[in-house]
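After this come two complexes, each holding chain A, first together with chain B and then together with chain C.
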Partner chain A sequence: MRLPHDVTPEMFDRALKGFRDAVGPEWVFTSDEDVALYRDAYSPFWDEPEERVASAAVAPANVEQVQACVRVANQTSLPVYPISTGKNLGYGGSAPALSGSCVLDLKRMDRVLDVDEANASVLVEPGVSYFDLYRAVRDAGAKLWVDCPDPGWGSPIGNALDRGGGYTRAQFRNHFDAHCGMEVVLPTGELMRTGMGAMPGARTWQQYKPGFGPWVDGLFSQSNFGVVTKMGFWMMPEPEACLIGRVYANRYEDLPALLRILTHLENSGIVNGMPGLGSPLLQRRVPADPQASDPYGATGIDQALQDAFYAGDDKARALIADRVKQTGRSCWNALVKFYGPEKLVRLQWEIAKEAFADIEGLRAGDPEFYGFPLSDEDLAKVHKPTFGIPSLSVFNFGIRTDHQPELAVGHQAFSPVIPRTGEAIFESNRLFAQVLKEEGLPVPPFHLPGCVWERAIMMITIFPVTRDAETNRKYRKAIQRLVVEAARRGWGEYRTPVIYQDLVMGTYSFGDHALRRFHETVKDALDPNGILSPGRYGIWPRRNRG
Partner chain B sequence: MKRAAIAIAAPLAALVLPFVLMGAGRLVPAAPAMPMPDAAMTRGQQVFDKWCAPCHGRGPGHPGTQSLEVKYKGTIPAALEDRSDLSPEITRYFVRQGIALMPYFRKTEISDADLQALSAYLARQDEPSE
Partner chain C sequence: MMTRRQILVGSSGGLAAGAAWAFAPTWNVSAPGAGGDLALFLFDRSVHGALLPGRALARRGVAVRSFHGDVGVPWLEVLEPMWRRGPRPVAGITDGGALFCLEQLAWRHGMACALRLALPVARSGRSEDAADMLLRAAGQPPGSGLRPSTDMARGPVAWLFQPVGGNGR
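Up next, the complex of A and B:
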């Protein structure tokens, strides 16, 4: 067992005794077998000395027990690392940022405390999963949708705090923006509520976000400043209808205009669901296309075509134009979604088509139209999160297919935020290809993003995690280079696996790392003993800064 | 912290035999199915519905089932609830060790008691060994 450098076995033993007194001995996990369940199953350092591993885990059942555990941590100097459901696989899972920390497993705090259909809001605890919330909303008979990321086993609180995204309307798919009010156990054990919740007896905790005074909620996202034990969320009322339209553009050079029009339509409120881009010619589906559930890797790769998309020069464009003619497949497509009354979404689609018609030769496909509840037939085939239904279907990207007989064992994401332009999509793809080639790794298929955020693009590229240390080393090196090269072009990661968090925080270096110093100042003030998640998101307490 | 090698070795031994036999087309479970009370069966099904069905349910949209379809090519059912060769040891192994993209499950997610109920539920159709 590993402990932090400044924690002795005696301090550790005292901490365990304190935790057992706080939560009961059955909820303190110390055996190798039990603690191994807190390893990051997708760790890019799997089985290597640098793998981040816990020393123990403690699982409180309520806020008072969380407070008690935090106080024990302060008394014994043993760092604790809160997890909600521990399912942010690809970004760190349930393992701590600092080896030897004790995981504070909040999974037992799994109550949906309120479902308010009239206010279209909920109040949840951190151990609630999207599946749990979906069931609770249905059991309450409330016609509310749960905006969820692709894997539905995650926690609305955990995902929002990691600033994850979903698939419905912009104000809901930005999960942190969709929250309204928090309850936080501060690193000293003190309990605080934010927004209107700071007023005893407030009747508008889930109705008005900021409350009074500085709005501090953002400090608890991507940080280690508190243990969030309750969070309210605004929910999307079930719409009368959803219309999904597709437009197709034939020329390689059409991408910038396609995205420019798409962005304007979204910023104007005409397109109000999550749009996305794809390439029928590359057989590259739009992320979250409700009608494309085929596993990634189910079709082969046309390497010459891939190379042409990356190159984009005159010769490449000629090849692409030729293939468009030969195959009858368009070079690009955009998928647009509209939620609302049937009359309105049909009108919005007409308006969108008129806007896209500025692109020469653009073709619009027949739209899909959905009413609710979905039929069983639709339910079986659609991308469920588009309709507020949690699922695990996304894991079909790593399953066996005829083209991918080997099973993936994990993945890690490189996810820079880039400008929302076609030019940036081309440039970033070329950079990714160049770095991977130089590192001797396979170049992934030309990437086209879903547009989770309203005004930026997130180029999520997924790389494998294997059980072979040398392969993992190569990918780690490539990702580290990508982070640095992207930052040179002004593109920064929105979120990253734990092992890259110091590196990424180092790229947000304006003013000689003024932002990191600010984080450290806040950290030292709130957590003087440095017991809460040291190192999470590159924020280290004084005791670890040397 | 590495998994204890000894802890893995025993369940693996339990796994190898049934898989080899499956490859030969004979389905012989590693342990005889035990009769279970209705309440325990219901609990096992609830655990399956909550933790396993999103990936391993019947029909399309279930990646675990899709993957096992490709693996077994119809020789045995791809949906776990339709299997008659899942010994409790096999279920316990995969839940606590994971496989491919499926991570292991912590005891705050699937407790030992729930795992026992789940294992028994998935073994309910097992044929007794000869």
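Up next, the complex of A and C:
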């Protein structure tokens, strides 16, 4: 068992006794086999000395027990690392940022406290998963949709605090922005509510976000400033209909215009669902496109075509144009989604087609139209999160790619935020390919980004995690280089596994790292003993700073 | 009420079941439990070789459900509601990725994977032989010290979930 450098076995034993008194002995886990369950199954440092591991775990059942545990941590200096469902695989799992921390496992706090259909909101505890929330909403008979991220087993609170995203309308798929009101146990053990919840007896906690005075909620996302024990979310009312349309452009050079029009339509509120980009010619899947997510149907990669997409010069464009003619498949497509009354979504689709018609030779496909509830046939084929239904399909398929020969057991994501332009998509693909080639690693197929956010795109690249230390080392090195090279171009990661958080925080260095110093100032003020998630998102308390 | 071990790894639980989705083809030949100790056989229709053991088990009275690709669907609609009422042995054939997901989810309900068989079954080379092996294993008492695997099996795999022995204090 590992302990933090400044925690003695005697301090650790005192902490365990305090935890047992607080939650009952059966909810404190210390055996090797139990603690091992908090390892990150996707750790890129698996079985290496640098793997982040916990020393113990404690599972409180309610807010009072969370407060008691935090006070014990203060009294004994043993850091605690809160997790919700602990399944943020690919970005960290349940392993702490600082080895030897005790996991504060909040899975027992699994109540959906309120489903308010009239206000289209819910109030949940951290142990509630997207599956749980979906079921609770359905059981309540509320016509509300749950905006789900890829991991249906994740927690709405955990995902929002990590600033995850989903797939429905923009104001709901940004999960942190969709929250309304928090309850937080501060590092001292004090209990605070934000927004209108700060007023005793507040009637509008889930209706008005800011409350009065500085709006502090953001301090608790991607941070270690408090343990969030309740959170309200605004939910999407079930629409009458959903229409999914696709437009197809034939020329390589059409991508910038395609994206420019798409962005304008989205910012204007015409396209109100999550858009996607794809290349039928490359047979790449369109993000959020249900029909192409099954790897069993994948075909081989046309390397000459791949090379042409990366190069983008005159010769490459000629090859691409030839392939378009030969195959009849277009170079690009954009997927647009509309939620609302049937009359409206059909009109929005017409307006969108008119806007895209500025691109020469652009063709629109027949749209898919869905009414609700979905038929069983539709349910079987659709991308479920697009319709507010939790799924695990990414975790079924995420490890299998035809360009990764390694025996992968998991994945890790490199996820820079880049401008929402075609030019940035070309440039980022080329940079990633160059770095991976230089590192002697397979170059993934030319890829198109997720369009979760309205004004930026995330160029997520998934890398394998294996059980071979040398392979993992190569990928870690490549990701570290990518973080640095991306930052040189002004592209920063939106989220990252714990082992890269210091590196990424270091790239947000404007003003001689003024932001990091601000974080540290807040950390030292709120958590003077440095007991809450030291190192999470690159924020270290004074006791751990060199 | 969750036990202490169920909290260690797992998700969901605690809420009432909702309407079921269709998972065709499904053979719900008889009441759960008719096929000996096995409450359910679940298979992914996209996994080659999964159909024959499914048919074999259905003939022997096991409730059989299938799905396509996303194991989140049977988890939401079948497995989690069933295990919320109590731990019961469930077998299946899926890809290794789906088994990994189920292991992560099942633990909170006091269930762990007690048997994994790479398909086709070694020696015979026949996937349908997995049916006999799963049925036999389901009749055995679960081993102690079961834990979710941290490694993902590759390719098709037949598996059996059993209640975790020696659970809780």
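Going forward, the second predicted complex is superposed on the first by the 530 of 546 C-alpha atoms of A that agree within 3 Å, B and C clash if a C-alpha of one lies under 4 Å from a C-alpha of the other, contacts with A are read in each partner's own complex, and residues count from 1 in each chain.
Keep this in mind: a contact is a pair of C-beta atoms (placed from the backbone, for glycine too) under 8 Å apart; a residue touches a chain by one contact, two chains touch by 3 or more.
All of these numbers come straight from a predicted model, not from anything done at the bench.
> When the two structures are laid over each other on chain A, do chain B and chain C clash or fit?
clash
> Looking at the overlay, does A:E33 come into contact with chain B only (first), chain C only (second), both, or neither?
Touch status of A:E33: both partners.
> Of the two partner chains, chain B (first) and chain C (second), which one does A:R52 touch, if any: first, second, both, or neither?
In the superposition, A:R52 touches no partner, neither chain B nor chain C.
> Does chain B (first) or chain C (second) touch A:H175, or do both, or does neither?
Neither partner.
> Check the residue A:M1 against both partner chains and state whether it touches chain B (first), chain C (second), both, or neither.
first
> Could you tell me if A:G86 is touching chain B, chain C, both of them or neither one (first, second, both, neither)?
The answer is both, since A:G86 touches chain B and chain C.
> Quick one: classify A:K107 as touching chain B (first), chain C (second), both or neither.
both
> Give one of first, second, both or neither to describe whether A:G410 is in contact with chain B, with chain C, with both, or with none.
Touch status of A:G410: both partners.
> For A:D139, select first, second, both or neither according to whether it touches chain B, chain C, the two together, or no partner.
Touch status of A:D139: second partner only.
> First (chain B), second (chain C), both or neither: which does A:G152 touch?
both
> Considering only the contact definition stated at the top, list the common interface residues of chain A for chain B and chain C.
Shared contact residues on chain A: 27, 29, 33-34, 36-39, 41, 57, 59, 85-87, 105, 107-108, 131, 152-153, 293, 380, 384, 390-393, 395-396, 398-400, 407-410.
> Contact residues on chain B for chain A in the complex?
Those residues of chain B that touch chain A are 1-4, 7, 50, 54-55, 59-64, 66-67, 70-71, 96, 98-109.
> For chain A, which residues are in contact with chain B within the complex?
Those residues of chain A that touch chain B are 1-2, 27, 29, 32-39, 41-42, 47, 53-55, 57, 59, 85-87, 89, 93-94, 105, 107-108, 127, 131, 152-153, 293, 295, 380-381, 384, 390-396, 398-402, 407-411.
> Where on chain C does chain A make contact in their complex?
Listed in rising order, the residues of chain C that touch chain A are 2, 4-5, 7-19, 21-22, 46, 68-73, 75-76, 80, 95, 97-98, 100-101, 104-105, 107-108, 145, 147-148, 150-152, 154, 168-169.
> Could you list, by residue number, the parts of chain A that touch chain C in their complex?
25-27, 29, 33-34, 36-39, 41, 57, 59, 85-87, 105, 107-108, 110-112, 129, 131-132, 134-136, 138-139, 152-153, 293-294, 296, 376, 379-380, 384, 390-393, 395-400, 407-410, 467
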